[in-house]
Amino acid sequence: MTGTLDVALIGQRFMGRAHSNAWRQVAPFFAPPLHPFLHTIAGRDPKDLESFAKQWGWTHWTTRWQDLAEDPEIDLVDIGTPNDVHKEQAIAMLEAGKHVACEKPLAGTLDDARAMRDAAKKARRKSKTFVWFNYRRCPAIGFARKLVQQGRLGKILHVRAKYLQSWGFADTPLLWRFEKKRAGSGAHGDLNAHSIDLARFLTGEEIVSVEGAIAQTFYKERALLGDAAQLGGKSKKTKKAQAMGKSTVDDALLFLARFAGGAVASFEATRCAHGHENRNTIELNGEKGSVRFDFEDMNVLELFDAEVDAATRGWRRIMCTTADAHPYAGNWWPSAHVIGYEHGFVNMAADILRVLGGQEPELPLPDFADAYEVQRVLEAAQIAAKQGGRIPLREVK
Amino acid sequence: MTGTLDVALIGQRFMGRAHSNAWRQVAPFFAPPLHPFLHTIAGRDPKDLESFAKQWGWTHWTTRWQDLAEDPEIDLVDIGTPNDVHKEQAIAMLEAGKHVACEKPLAGTLDDARAMRDAAKKARRKSKTFVWFNYRRCPAIGFARKLVQQGRLGKILHVRAKYLQSWGFADTPLLWRFEKKRAGSGAHGDLNAHSIDLARFLTGEEIVSVEGAIAQTFYKERALLGDAAQLGGKSKKTKKAQAMGKSTVDDALLFLARFAGGAVASFEATRCAHGHENRNTIELNGEKGSVRFDFEDMNVLELFDAEVDAATRGWRRIMCTTADAHPYAGNWWPSAHVIGYEHGFVNMAADILRVLGGQEPELPLPDFADAYEVQRVLEAAQIAAKQGGRIPLREVK
Amino acid sequence: MTGTLDVALIGQRFMGRAHSNAWRQVAPFFAPPLHPFLHTIAGRDPKDLESFAKQWGWTHWTTRWQDLAEDPEIDLVDIGTPNDVHKEQAIAMLEAGKHVACEKPLAGTLDDARAMRDAAKKARRKSKTFVWFNYRRCPAIGFARKLVQQGRLGKILHVRAKYLQSWGFADTPLLWRFEKKRAGSGAHGDLNAHSIDLARFLTGEEIVSVEGAIAQTFYKERALLGDAAQLGGKSKKTKKAQAMGKSTVDDALLFLARFAGGAVASFEATRCAHGHENRNTIELNGEKGSVRFDFEDMNVLELFDAEVDAATRGWRRIMCTTADAHPYAGNWWPSAHVIGYEHGFVNMAADILRVLGGQEPELPLPDFADAYEVQRVLEAAQIAAKQGGRIPLREVK
Amino acid sequence: MTGTLDVALIGQRFMGRAHSNAWRQVAPFFAPPLHPFLHTIAGRDPKDLESFAKQWGWTHWTTRWQDLAEDPEIDLVDIGTPNDVHKEQAIAMLEAGKHVACEKPLAGTLDDARAMRDAAKKARRKSKTFVWFNYRRCPAIGFARKLVQQGRLGKILHVRAKYLQSWGFADTPLLWRFEKKRAGSGAHGDLNAHSIDLARFLTGEEIVSVEGAIAQTFYKERALLGDAAQLGGKSKKTKKAQAMGKSTVDDALLFLARFAGGAVASFEATRCAHGHENRNTIELNGEKGSVRFDFEDMNVLELFDAEVDAATRGWRRIMCTTADAHPYAGNWWPSAHVIGYEHGFVNMAADILRVLGGQEPELPLPDFADAYEVQRVLEAAQIAAKQGGRIPLREVK
């Protein structure tokens, strides 16, 4: 590595695009200490792979992700695949001495996550690990964390996290995301994983117990994907004949929890809440003030500062787009020239390159050990939903 | 009763004012079938009682609430006292053949509530009972209920109710609201009672189980009221010497629940959330759409109609101030001339007078039996918070 | 006057109700130095007059407003009639030694307004005058004024006032409000009058010139009122046969102006803006901060304090419902228990009673001289709209 | 051109970055018919030019913009320089047979703009021209235009455009943007140019008259740039000694106008409105509904559909992020994964490449003739501000 980092990526779908863009965009906006070179894209779909590679600027492409481990030129492998293959891919890359940046959640199961954490620990002298909890990199979130750290909110009493989407009603077919074997869980692992990470990141505290949970599968059967094309069809008969398969994951999962510092918390993840397409929200109430964030209005952090006099206090809508004042803002555009979804990924790529280049990141990066803590909370909530009652986190390992 | 209803009221504080105003204002705005006559106010504080009576237009006053039972002129007794005396007062009035309108929650304990429900049942040929769940009477809430009943939201999948306030931090002294003996519970009975009533009212469904709960007392000791005057003092010494007493109620109570129709729900009540002074919010997500309400913006109902085409759908901010379109709106002012907090009480007084005058209410009124169901849910949540685990409602009687 | 003020009111429609309510409600909530006695209501419609009087608590009623002048018991006459009769009624009452509280705008024409101002000046030893610019009495507006006076916004550079409604489209018949002879003007006198008053009240400055204006009548003909009943009919034939009359007022009037202190301003009033039912908005931008107000969210003042550090500044949503912190708030309910439209009238009645009882009002009250200044600006804008060009206010007398 | 378009860019500051990014990003997200090749960057500052070129991927660089005309490889020249040099650069490139994409406003003066329009007309067989009115390319704006074209709003009665910023207070030094010679005008040409373009684009109508205007220079003197470094200094003495220069442009310009179809309009541009950093807003009120847009919440279009029943109508907050439903949305991320400021430029680059590649653009592109119409309105408003009175557009040529 002499000023360049050779990156390989596994995955050519949604996350494949988001990560490719991040590696493309980071250099001009951040001038990082290492310049990423888009070395190889690995994907299972040979038909589209070459065009995807050319479109996004990857120099090589392969349908065998294993090739990446064998290529000595590659420095970092970025994993953007479904949850059930994270373990195999990540461990192989760590054993080959690569840095690994893995999509969230760390894995579909706690066993997989533990194995990954252990492999990362073993490889730690040669390899660094990262997990794409991208919402940490929204300037508004990073700024909220700073306010908490500065004591501006005082002791935190309440955490309220809801991640609501609306794409999972009856007419959505049986995608891999509805199969427990592949996804591990449903809305829970997909969405609550983000919320748990944000809650820990913002408070700087661990969750010590889950105090109750509901896991709900509203739609227990869904159209098999082969027949899904017929879903748009007009014929009632066709619909009746449709082959159905079993959805084996939660459509929604709600849980209550306690934090080490004494805060009480509620979490909710669902794919069945109309009016919420990607509504990742979190609110903290402390003894001196409150903050709240809504990703659908991602450039804004709302702050209620209770130290202000009674006459002029109120929720303050802060545009987190000011250079020198808000994390990452100086790398983009002038104040109030808002940024969007993909910028979180670019900001994270910048911090990865800073860390690998020997600099400090703008904000702390989650590694496999960190993401394993998230996975333990996911597990505790699932146990609570199944058996009822209180689950102390120390019992979940 | 020939066109007039003689009303007596017990209570001369916050609810005393709100109820007095309701009985004063209902006639000019609603021209109800019975005209209320403000007969007698009963209160314990002899010093202010006469001036209170004159200020609000009460013809007589007494410090013995028992007098009301004995006065044959009085038709309806309105109870606006702390929770621990509801039972005694209400039952005495029912036994005296009065109609009773009682503040919420019905009682401080489930035992009291049950006794009141039974007394109401026994007295039902002569007396009607009412409970002041005033938020039902916000036009936006009444309209939301109509949308649910018309099937505009489809099957309800999610209920999300949060009632957040911010007056209960460390410097608030040991008011009666912090004494279990008098209040029964803290934020739970005060705030969750409203939320549970609204959730049942809006969905038309019963809660069938509580699935987990957290009860939290952030501040276990508070300054005794006698010393509270010193709270504003500047001397640190004085503060240290302050006599403290034990707070025996929850500052916050969160719980998860299931509804009979399959919806999953979260409830949260707290007095320690800065930025929320009287934030009574509820959201419903159905298969065809969603609604949400926030009392701090009480004239508005937000509706997301998922049946609208993908291009133009969005959260719709409906000003519920249109005569003929929204409940009670025609009795007040032209469209967008907003109403306030006390109007819910006036609207409820109007419906009480309609019912007693032989007419239909604009919206159904809660009676003691109805309020007892709310009390059972409160109880179930408290049990769940204490012992953990799932509490089926059928086990709480 | 021994602790009581005998009030008479002319007008039994919308303003009749709003003013009746104000005189009814002011005593219990404000305990003013003078207690208003609802003496006589005068109205032209004999059919409804008695029932209106009884409904609202007026002791006497008459169809001859002239009677009020002759009745020595009456202390104050409140005028809630159309603009073209304000002059005759107000002057008669002043000559009879009554105090007068008149609806806004002061008059339909500048000539009438001038005569009223002069009559008030002449009668000033015996009589006080008041004009019902009710929006001044919203707590949020009163609080904004205090912020300006304290210098919290610095020198004011911009005033932006829009008062938008939506009841004046093609299907609205030819009400008196569309007749120049009766109303004086359309949206201009009805709505811009409020905005001009608020702008002067908030800034404490006079408008020195109108710099351009547009008066627009979108619908030059409207159905005559006799035929208006047919408007709802389905038959196209009926509609064609409908008798039409000429609308002689503006549907919208926009103008630009300069303030004495150097601020530039835009005003807009319209009855043809869908989505705005009673959207009375005003924003001030000063060198140190900004405030904005929207009557459809009337309990809130938004403040942007530019003196706050760059990281945490933002628009602050202030609930102006806090006793001791916001004007009038302490007379109503606890914090965040919002108030509505009619409370502005009650607040104003309280200040009238304070002034007549020898006390200071919470906020300054507009008298005829003050309202005459508003009328001069209305006139200047109409001249500018007609002849184009700049109209210095000193030329309009 | 065989599938590739060789692009050159003049300008290495803010617009240099925004345009470089647009040409970089358009290919992977849009797969346009022509692939842009970042051929040459031209800039006056030799020190940073090479690093800028490398950072953004430009293959060549030069400090002589004239070189671009002489290079036969270059197909399109993109002009991102101050307004006073647009004419010379654009005409030179058109004469050399290049396509030209010029920043807005078209020029600093109407004379320059006319010359550019004429040159474009003359070169039209070989060259196409484009003007970077980037806000047209926000999905919300494009979608609003479609609603107007479909007749969803009915006849337009009101246009209300405000473009408010807050960087121009007393402590901002004398940048080129405050020099009339270089910028042509101040907030007017910079911000009202966008608003005029949007108003014409959305309504599909021309402005026929300006009916009044105010041009205001709040700060007539500003610190000379050489001394600007001292601005941050603490010493009062230093400040007093600061050399000052004359600001020769407007800080704010407001005007009223009429549209061909009968709508009345107000425009306002300012750099001195705290709380508004890049608040580009526009609202249209039609006979059947209204839309409004605020760039600080750029992914959202608000729609009020007055055809909806009175009970459920309200302002609808539409996230314009849905593929197939909203312009350009399908090229980016899933629904509600919001986009930011620079995406407007990428969307425009895509449409330029489509047009040059023989395809239809997603939305119409402004050319020099179109931008000249904007310039005529700018001119008319300036005349109205100077001499007062009404300026019919037909008199401004």
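The first chain written gets the first letter, and so on, giving A, B, C and D; residue counts start at 1 in each chain.
We adopt the following convention: contacts are C-beta pairs under 8 Å (C-beta built on N, C-alpha and C of every residue); 3 or more make two chains touch, one makes a residue touch a chain.
These figures come from a predicted structure and were not determined experimentally.
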Partner chains that subunit B and subunit C have in common: A, D
Between B-D and A-B, the pair with more C-beta contacts: A-B
Farthest-lying chain, centroid of Cα atoms versus that of subunit B: D
Centre distance in Å when subunit A and subunit D are each reduced to the mean of their C-alpha atoms: 36
Inter-centroid spacing, subunit B versus subunit A (mean Cα positions, whole Å): 41
Geometric centre distance via CA averages, subunit D-subunit B, whole Å: 54
Shared-contact residues (touching 2 or more other chains) in subunit C: 276, 315, 319
Subunit B residues within the subunit D interface of the complex: 143, 147, 300, 302-303, 305, 309-319, 322, 324-326
Of subunit B, residues touching subunit C in the complex: 14, 18, 20-21, 24-25, 27-28, 31, 55-57, 167, 276-279, 295-299, 319, 321, 332-343
Sites on subunit B touched by subunit A in the complex: 157-158, 160, 162, 164, 166, 169-170, 211-214, 216, 218, 252, 254-256, 258, 262, 264, 266, 268, 270, 272-276, 285-290, 292, 304, 306, 315, 384, 388-390
